[in-house]
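The following pair of complexes shares a single chain, chain A, combined with chain B in the former and chain C in the latter.
And then the complex of A and B:
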């Protein structure tokens, strides 16, 4: 099959993005998340304090607030936004039979899996970026202005150091969200019914704790990220390796199962 | 309807079968769904796929469109193997499999636009838009195309299903029970549409149906399967033989 008979990756991405953003549920989830982000800002202003983990609290200021906004919202992201979007995208159209019209087109199913992951990744990446932008702007406007701040394990940081820590925190958080989307893709291949897929994804998040403490980052993203970035010894020290293994595992299992398995729905 | 210019897909020679099903066998656990099914569909003909419920018609269509892989055997479409080079083989196929299900949160036109992005011979927006209007006109859905698919009747969904199958201007159309749920007027319109696709647009069509009268009116060739096994493959006239009608011949075959 020569290249001019192949469907371009750009067209595949556009086609998938159309399907994702034509669903009312996608917009409902995005709007609810953004509304919560704004409400959370108000809440942080009132509290002026947040927590690295259940034992350690921190006074919020203009330089260290942004990571703590994501701390509050990561639960919503991991338990509502990503499972719902992944269950709809990877499972919903398969379960209804509508994806058959796509699967009989001359497109690689492994690429189709990758494109679904990419489109959801970009969507969740957009929300993560939105959270960082809102958190940073809000901290500058509404939190006590400081020249230096402290962040767990990182000691005293000036504004550029705090920005670097915050960006690292958000990028790692995005990697965790991406891994969870991949898990959603694999779970939805086994349980294409969107409700079962949603429950299945939650079961993996919670069940991971029973498998190993090292998987606790799926449940409590920010606590693990603070401990990892702060160089605190413990189960979160291996977070980067665990994330890489999870991303690679989901990519391999997902592409294999989409490419090789029979489509009977 | 104009054909898309600079069609990139190679069209096989007219003297060769467009589709060849060769010794296809499919098992699920120990149950045999298809056993050694072999037949060919010549270019420009309408081939009817007949069989009682559960005979394996939809399974065969799923195998032909690459949705499931056969345990043994192969299908060649335009000389390309669906098993080994699925993407190349199905590039020249348009199909409705089982029932016309679309993305319910989109309108008919949006569904076609979404699927048109996945046709290699519709590379730009202008070509896609033109082709969508053409196929909507062929199936006479242009007036209702901007309504959500979830508001469509089954007959409208069938017509939209044919429209999506026609999007890439394929040589081979595979239609699985396209008359399901249609009223007599709808069935008549469908028959006229299928004949028009053959005579005016030169399409080769494989159609499965329970409606023996309809198949008798449109098919050049008939393939009959029962419990996964092929029991007949030949011309319509050969099948009817001395029975007088396709229905009588079919009933005789099923009770033999």
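And then the complex of A and C:
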């Protein structure tokens, strides 16, 4: 009996996913991102060189290319894809009133926040995986073939080692993206208007630089990740801690503040 | 009947529409908060310039002194804070009001959509220009009291050496050009806000426009060895963002005869995007 009155997590995820993908702009932004991922591949074949960070360049080959797609694409991700999805999903539903129709069912607001985070995370995670797969496949086809390669933070790697390292790199990048989605959830709680939520998220990314260099990884994702993985001392050495603190902070503040939400809000 | 005769039959005067839009703009709490942007941003960039000064040779034009603080501080904020401000203004006043249906209230009066949009554009531009003036004043004050004030300092792109008083006139000319560039960028954003189906889509497109305006000249940089210096600079300053960032000083120094070119590019953007915006609103159904 009690079970009938509860809305299962699976149904909440399905319903949220439906709302996210019923928005045409979600599809538009996904397609634009994928198109730019392909363009980025063409760009990298033309250049044959990329950079760990502004001071360290690297010659690209068939094994080490995949992470460098993110050098440019992460900007598109953090400045367009994530703020747009987060502002629409966390803020747009509230300010347009669509959230009320969801809240007809007996669901907890905190759970709703978690579900929104999860669905956006899965969407962005899909894009991250897509970027990795495209980068890996493209490098093996179009880049100068090698048996072994070196990557900062991993030393010499063979084919399967490179595959594992690049996948790990993208997983770490995915954690950064998830943290930004969480920030989007918290910002949208304060500024439900999608326009302000969008700009608020950008303000957190850019404003973070003025607060501390340790927050620069939201702006320069791949450079910071390479400096962290390469064990280079400096502001990015604490990236893992900052990331954990950010994820935990957003989870706590988000659940708490969403739980306190008014019915009409 | 007598009422009809006495009233202006052609509709509401433009000044009245403008006044309504101006008041409506200020009735928004976010906009009121945004009015604090200029002083706050000038403090932030002063802090940044002081940290940069520690690393720079005082003979360089990039070294911040009382005279050039307004210019140095604006160069970075023009592409970030001011662009962001205008995106918010365009998103709130155009996309959200139109797509949300609020605009119908304004259309109870006998006034065309094109005129309302023109009034909105002027109101937003006035807001941004007031912010620009505030930014100038606060950075002049900060520069005078927080930075070294040598007898003379060099201008950008070897445009000569000036004293503090001459430098202020240079700064004023720079801000005049910045105002022009902002008006053009606002026109671009208004077009984006016009075609945007939702406010987030409009903002995403606006940011995308800025990113592309940055990426294209960066990409061009790789082909620099292949191009003649003059041609390269002209292609480089086809980007509105680069004009705002580096082009204003280059215009004032008339580097490679760029002054005419940059004005031409600004005019081109203004005519293209202004025309497209006006056309879009002219043929749009008022009750869509």
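In the analysis below, the second predicted complex is superposed on the first by the 259 of 265 C-alpha atoms of A that agree within 3 Å, B and C clash if a C-alpha of one lies under 4 Å from a C-alpha of the other, contacts with A are read in each partner's own complex, and residues count from 1 in each chain.
In the analysis below, a residue touches a chain if its C-beta (ideal position, glycine included) is under 8 Å from a C-beta of that chain, and two chains touch if they have at least 3 such contacts.
Computed from a prediction, not measured in an experiment: that's the story for all the values here.
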item	value
Fit or clash between chain C and chain B when superposed on chain A	fit
Partner chain(s) touched by A:262 [first = chain B, second = chain C, both, neither]	first
Touching partner for A:87 - first (chain B), second (chain C), both, neither	second
First (chain B), second (chain C), both or neither touched by A:150	neither
First (chain B), second (chain C), both or neither touched by A:11	first
Contacts of A:108 with chain B and chain C, given as first, second, both or neither	first
First (chain B), second (chain C), both or neither touched by A:206	second
First, second, both or neither for A:100, with chain B first and chain C second	first
Touched partner set for A:45, first chain B, second chain C, both or neither	neither
Touched partner set for A:24, first chain B, second chain C, both or neither	both
Least C-alpha distance (whole Å) that remains between chain C and chain B when both complexes are overlaid	9
Chain B and chain C footprints on chain A, overlapping residues	23-24
Residues of chain A defined as touching chain C within the complex	23-25, 28-29, 32, 43, 47, 72, 75-76, 79-80, 83-84, 87-88, 92, 191, 193-196, 198-199, 202-203, 206, 210
Chain B - residues contacting chain A, complex	8-9, 62, 65-69, 85-88, 90-91, 93, 95, 97-99, 101-106, 110-111, 113-115, 117-121, 123, 164
Residue ranges of chain C in contact with chain A within the complex	30, 44, 47-48, 80, 84, 87-88, 91-92, 95-96, 197-201, 203-204, 207-208, 211, 215, 219, 222
Residue ranges of chain A in contact with chain B within the complex	1, 4-8, 11-12, 14-15, 18-19, 22-24, 93, 96-98, 100-108, 262-264
